[in-house]
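After this come two complexes, each holding subunit A, first together with subunit B and then together with subunit C.
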Partner chain A sequence: MIGPLVILASVVHLFGGEVLQRILTVLFINLVMVLGLQIFMGNSGVVSFAQIGFMGIGAYASALFSMSPQAKAMALRNLYSWLVPVQVPFALAVIIGGLMAALVAALVGYPLMRLSGAAAVIATFALLIIVHTVLINWSEVTNGPRTLFGLDGYTTLWVSVAAGILFLLVALWFKETPLGLQLRASREDEAAAASIGIDIVWVRWVAFVLAAFITGVAGALWAHFITSFSPLAFYLPQTFLIISMAIIGGSASVSGAVVGALAVTAIFEGVRGIENALNIAAVFPFAVSGLTEVCLSIAMILILILRPSGIMGSRELRL
Partner chain B sequence: MLSVEDLYAGYGAILALRGVSLQVKAGELVALIGANGAGKSTLMATIAGVLRPFRGQITFEGQSLLALSPEEIVRRGIALVPEGRRIFPSLTVAENLRLGAATRRDKAAVERDIEEMCTRFPILGKRFHQPGGTLSGGEQQQLAIARALMARPRLLMMDEPSLGLSPILVDEVFAMIRQLHKSGVTILLVEQNVERTLDIANRVYLLNTGRVECQGTPEQLRAQVDIVGAYLGDMWRGD
Partner chain C sequence: MNVLQEVLQFLINALSLGGLYALMALGLVIVYGILRLVNFAYGELVMVAGYTLLMLGTGPLPWLIVAAISVGMAVLTSLLLERVAFRPVRQASATTMLITSFAVSALLQNAAILFVSPRAKAVVTPSFFTENFQVGGLLISKGNLAGLVVSLLLLGLLTLFLRRTLLGIALRAAADDFVMTRLVGIRANQVIAAAFAISGFFAGVVALFWIGRLGSVGPFVGSTPVLVAFVAAVVGGMQSLTGAVIGGYLLGALTVGLQLVLPQSLLDYRQAFVFAIVLLVLLFRPQGLVRGTTITERV
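Right after this comes the complex of A and B.
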């Protein structure tokens, strides 16, 4: 699984153009996010809509620590004065981004982890909305609903590849740890898991915090790839994209995250190319837009009807 | 070892246990019988810590279990084989067994116990890497019991282990329980299959609508068969 990914990245690096390299970089960042979702949702069976909120927290937190004082003075006029001179190396800023996301998850996670099924979906969705509202209104650190700019583009293709492979290994490792096994048992049968002494809230909480850390790191990487963004980047379209990757690939396995990220990116970029071609050739008397979302939705519906456990189900590919 | 005193428990306004008292001594096989709705499963759930009683006391080896979480009660040495087996179907037999030791920290001893389970229940060794859901009903019951034993319980509670099994498998399950008891495990057994249960138990409690109707050795209970039969009707004749 890792071999083909590295070969794909190498081929694109050597022969692909700028556009293809950017697509692949985003693919690997998205892969990290799907892996975060897989660690929590795949092992616990509890659906979380909150992940992209953690991506946003990671993005903004890392930006505050990686930007130069001059850039902050330009982009964040109302920033707290003690934060302006703070600047740390990129790698450390990324870790801080992940830790901030994990901290928020740790604080709000414990009561949330008592929920499952529809209640968990609604509660985590509410958390996404809350995080989004805070990002939009906390102008001091986020520049409000306006675009935050002036980040350095530290995230290259190979940085994202390295992060993708690192967290792929983390996800595979976590699944087989005693805690991961207990979490999978609670997914199968909550009552039986409790009866053999598994503390379900605790094991879910650990996975939730770990997943938030990974998603925060992904957000930090993405922020230093795109270099300017607004809170709107961390909302429903991105949530939909990541969840569709997890579902299409199959959330019960780590391989499913990889296959899902690849498949959805292929669909997304393919359809976008078709859409552009249609518009340039003026085939229709109006501009075609939204085809990508329509196709993704159809793909997700087809998967849910034909293969509800995703392309991979619970099978794992060899490393 | 286990002592339940004047226990009242239920669900909302419904009182399922009305002053139940019960004792299990070390090494005993104590059976709990009674018709549907007598309160057997409620009593199990209350001892396991899943349900909080309204009134009464539960002590295990001299210490109260009342304020403890289910995990903590497992850690104190009480394991439950739940009704309907409740193994983890898509996890392998090996993983199911390992999960039984979720509350233990002694890794090397856990591995040794897994090997011992495979000797004691040879079918589990044969199916070691298969998903639990692919086992037959009787095999799953063995897995459920082995999983509970992995916690090294001092008291094993079994909730209707013969439920839903074919007559031949019911024989096997009762033979297995008798053997477990002989090997020194203290057992609290809930059963509907009264005849079979009286054959293997040291002492029996008969529950009826939330109260202990009568108790004693199987011989004493058999002597009261007329009284009991009146309450239990057809069920008394066994399956």
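Right after this comes the complex of A and C.
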């Protein structure tokens, strides 16, 4: 799998224009997020709607540590004074972003891991809303609902490719660790897994924290790619995008995450091209918007009805 | 205002908001009880009714007829969604159904963005919703009072329906034990369609009052009602209709209450508080306040 991804990135790097390179960068950042979701949801069978909250935490935490004091003075007027002079290298800031997300996940996650099914969905959904509300209102560190600007664009195509491949390997490795195997056993049959001595809450919690770290890193990378953003970026549309990637590709396998990210990006950019063409040609007397999401949700519903385990199911590609 | 008046004012506000919330929660729980489907697309039924109000509101029809058609559209949409999207995944896991409903919700929202407008549009509502009157020093909004009365009336009618009619009894039986209900000759499709119809009906009625209060309708108008329904249903008990009603009234009282007691600086975090309560309930009493029949949601 890694070979073709690197070849794809190289081809785009050599021959693709600016737009294509940006699309591919976002693709790899999204891939990291889907991999985070796959590590938790794919192996445990418990759906988490909270991931994008961790993305937001990673984005803001890394921004606070990577921005220069001057940029902070411009963009974050109410920032706590002890944080203003702090500035660390980009790589360290990204890791801090991931760690902050993991810390939050570790603190709130343990009790949540007792839940599964609909209760888990509503609980993680509640967590997403809580994180979102805090991001919007904690204006000292997030600039409130307004846009945070002044980040440096450290995330290049190759940074995101490297992160994508690194976490691809992590996800493949995690699946086969004793802990990953225990987690997958609990997905198949909770009662049987518990009866052979698997501590389900513990194994889920480890996966949840690891997934939050990865998603936090992805958020940090995204923040330093887009360079200005508001809390609205970390809410339901992005959640929908990442979940649709996991579902369409098939969440039970790491290959599914890759295939899903590629397929959804292809649909998304393809339809967006059509949408833009329609708008430029002014075929309709109004601006066409929402068509991409409409197509994406139809694709997702069809997959859920016709092939509920996703394109890949639980198979892994060997390349 | 003396203390008694304040208490009365609080009660009236809490009861009218709570009644609305209770209806929202009931619409969600009546489907969940039978299918174990947490229907994210429930809010979009409110949206559909809202857009019907928008389209017909400027026409020649009297408002009550427009309102009836809007409720009818919500019922039709609910039935259509059941047939097209939810029936094919009925045998799949609860998670698959839930994600299907999430996708349906995104589909409807974006269809509204695509075919109507990404922006909210003003809806013509009867002046009734914004008028107030005074009784003994109390300021009462006519819209709120109507909401209170209608919600009580509908709760009564639903109780009668569930206790006195064959379909209602079948609905309750199916929520307890669907396999057994089918074995005694009740048609599954009919019961499920009835649940979706009731769900759509409540969403439609909620839409009348919700959009009456807001005065506008947009693609995301349904997101608050569906969140409210989630919270009320979880707190009250996902498996119990009584629980949904209690959860709705509690949440109404809590919302009005927090408005009174929280200082302004914390008021912005109100949503975070409410959802923190949801988390706590899920953790310490996952069955909710009113226990249903079977719970296998927790390790």
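Methods note: the second predicted complex is superposed on the first by the 318 of 319 C-alpha atoms of A that agree within 3 Å, B and C clash if a C-alpha of one lies under 4 Å from a C-alpha of the other, contacts with A are read in each partner's own complex, and residues count from 1 in each chain.
Going forward, a residue touches a chain if its C-beta (ideal position, glycine included) is under 8 Å from a C-beta of that chain, and two chains touch if they have at least 3 such contacts.
The structure displayed is predicted, hence computed values, not measured ones.
Superposition of the two complexes onto subunit A shows subunit B and subunit C fitting side by side, with no clash. In the superposition on chain A, A:Ile311 contacts neither subunit B nor subunit C. In the overlay built on the shared chain, the residue A:Leu181 is in contact with subunit B alone; subunit C does not reach it. Looking at the shared chain after the overlay, A:Ala194 reaches both subunit B and subunit C. In the superposed three-chain arrangement, the CA centre of subunit A forms the vertex of an angle with the CA centres of subunit B and subunit C, and that angle is 80 degrees when rounded to a multiple of 10. Once the two complexes are overlaid on the shared chain, A:Met300 sits against subunit C while remaining clear of subunit B. The partner that reaches more residues of subunit A, of the two candidates subunit B and subunit C, is C. Once chain A of one complex is fitted onto chain A of the other, the partner contacts of A:Ala63 are absent, as it touches neither subunit B nor subunit C. In the superposition on chain A, A:Ser116 makes contact with subunit C only, while subunit B stays out of contact range.
Annotation: superposed on chain A, subunit B and subunit C show a minimal Cα-Cα gap of 10 Å. Where the contact sets of subunit A with subunit B and with subunit C meet, they give residues 194. Interface of subunit C with subunit A (complex): residues 32, 36, 38, 85, 88-89, 92-96, 98-100, 102-104, 106-107, 109-114, 117-118, 219, 223, 227, 230, 234, 238, 268-269, 271-272, 275-276, 278-279, 282-283, 286, 296-299.
Of all the residues in subunit A, the ones that touch subunit B in their complex are 178, 181-182, 184-185, 188-189, 191-199, 314. Residues 48, 50, 69-71, 73-75, 79-80, 82, 86-91, 95, 98-100, 102-103, 147-148, 151 of subunit B are the ones that touch subunit A when the two sit in their complex. By the touch criterion stated above, subunit A contacts subunit C in their complex at residues 45, 47, 108, 111-123, 125-127, 129-130, 133-134, 136-137, 190, 194, 200-201, 236, 240, 243-244, 247, 286, 288-291, 293-294, 296-298, 300-301, 304-305, 308.
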